[in-house]
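Going by the order they are written in, the chains are A, B, C and D; count residues from 1 in each one.
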Amino acid sequence: MAKIIVGVMGPGSASEETLATAEKLGQLIAEQGWILLTGGRNAGVMDATSRGAKESGGLTVGILPTGDRSGMSPNVDIPIVTDVGSARNNINVLSSEIVIACGVGMGTISEVLLAAKAGKYVILLHQTSSSKAFLEEFSSPRIHFVFTAEEAITLAKELLQRQSNN
Amino acid sequence: MAKIIVGVMGPGSASEETLATAEKLGQLIAEQGWILLTGGRNAGVMDATSRGAKESGGLTVGILPTGDRSGMSPNVDIPIVTDVGSARNNINVLSSEIVIACGVGMGTISEVLLAAKAGKYVILLHQTSSSKAFLEEFSSPRIHFVFTAEEAITLAKELLQRQSNN
Amino acid sequence: MAKIIVGVMGPGSASEETLATAEKLGQLIAEQGWILLTGGRNAGVMDATSRGAKESGGLTVGILPTGDRSGMSPNVDIPIVTDVGSARNNINVLSSEIVIACGVGMGTISEVLLAAKAGKYVILLHQTSSSKAFLEEFSSPRIHFVFTAEEAITLAKELLQRQSNN
Amino acid sequence: MAKIIVGVMGPGSASEETLATAEKLGQLIAEQGWILLTGGRNAGVMDATSRGAKESGGLTVGILPTGDRSGMSPNVDIPIVTDVGSARNNINVLSSEIVIACGVGMGTISEVLLAAKAGKYVILLHQTSSSKAFLEEFSSPRIHFVFTAEEAITLAKELLQRQSNN
């Protein structure tokens, strides 16, 4: 039976604080027994959160934009080699039962928008006042803002429960 | 030799005013002898701008998310049937030499972000104060805001010129 | 209203004879007023058939595997930049109302199979005895073999007529 | 560190004998500690080989053509939801370190061709005389034919060794 897959999206370059949260998210996701899915590259939030999941004995999937494994995070267990460039952003969000976005970047917010458009729940951390104001304007019941990795996981559990009841 | 292709992106549902600008953009693009590229669906900005281009005798390309021509705008001359869903957003922007975004929508802003990330010039109209504030925060020299279809075309000409000089 | 789009698929490296047929196919497609669609690269059958279409004043679309226009045939009018690598083979066939395959190559026959699977008519030329035997084994009423460019176009006209009657 | 991923490709409808081999392949792949990757649908070879892997306690990845999990094999642990239709065939082969094709189908042979073109080793079983003759004509050192699941796994081990030495 399919395992629970939670995606963590975030920029390839991020602040220490954002990376620390990403790592913590990975740890907590692994502790829940969920599979962590990221964009798979050896950079920023993708790498930090995958490292966190491995520290807690989790399993990590990386959806790579490239046509081979070059540039892959060493913390990815299962690299999916798409060779579709940024079009893989849509695969990231469709493959995740819940999308957690940690930090702000062009690719990251494109994923948040694609996720919400596809009817996915999205939980956001480390947003700026302008990214928050922009995303709130859509008035989407799918988009949620939290402050800590722990809050993100608590909310993810609730939302997964709500989804499985539907 | 490859013709000049200008993409117009915008939501499938939009205000009368936004649709009127979209139609005007299509007319002006056709008058320049450029090819108009859109997401191809029979809805909102995509359809309005394609109709405008046809009114002025232009040629229109539609990059469809579906696996056949169902749901296509009747104003599309050349439908490209991708069957890749929202992943086609990236094809829209990569195939356009200049991207013009008219209005705000989840898909539209995902395209703006993918375009800027790919190094494309993006010209935006009919933004909200929050979408403008959000996009300005990236401080990207690629992202430009204008108020009218005429300004958009004047700026597009300048930017195309700048690109061809590089 | 959407124009008629006919795809010509073929290997990036081919014999003089195959290339001559490809060029002839391009000429005849343009003479019918149809749009020619190819894989867009500056190589083999794709380039030869696009050149033929331009010689007869036609319009050519190239579905590029790359993320920019590098490597594009100079005979492509409308380059579609997909950045999805060989996954663009499926876009080639879905966007073509009729697929003509000229010559044998790994990519070409993958397109023939994807086209027939998607319910497209496929017309083949310059096959080997083994590619013909292999494809005939599927007993698909969609797959047709001819010997000359002229026969291919005559058959394409019939099949387009049959499709528009459905 | 990335685990070893072996792909098993095959038609959605196949003979009892082919399905039995597919199931056996799944078992043997799991016994090697490799991850099994398939096209993920609840049909034919994809489902049979995933079932085999689960019988031996393995881990299974399914690369789905659809935009959600509908039609997924119940034997898939990690569904990757691509929404790119048959374009996902290329993701199947690029994500597999070795591709094993069991049986003949339009989609299956398209994957064999894409795999060989991308420089992947391909091991084939349950071919017809015409599919074998056709594929042999490419004289590719990447394409190998075997008769049993056991031979396929023995050869896969050798080829993985050869790859890791490069």
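Just a few scattered comments:
Following the convention adopted for this analysis, a contact is a pair of C-beta atoms (placed from the backbone, for glycine too) under 8 Å apart; a residue touches a chain by one contact, two chains touch by 3 or more.
The structure presented is a predicted model; accordingly, all values stated were derived computationally and were not measured.
Set side by side, B-C and A-C show the greater C-beta contact count at B-C.
Centroid to centroid, with C-alpha atoms defining each point, subunit B and subunit C lie 28 Å apart. Here the CA centre of subunit A is 40 Å from the CA centre of subunit C.
The multi-chain contact residues of subunit A, meaning those touching 2 or more other chains, are 67, 83-87, 90-91, 118. The touch graph of the protein chains shown is complete. Subunit C contributes residues 1-3, 5, 35, 61, 63, 67-69, 72, 74, 76-84, 87, 90-91, 94-95, 118 to its touches with subunit B in the complex. Those residues of subunit A that touch subunit B in the shared complex are 84-91, 104, 106-107, 109-110, 113-114, 116-118, 128, 130-131, 133-134, 136-138. Contact residues on subunit D toward subunit B in their complex (touch as defined above): 67, 83-87.
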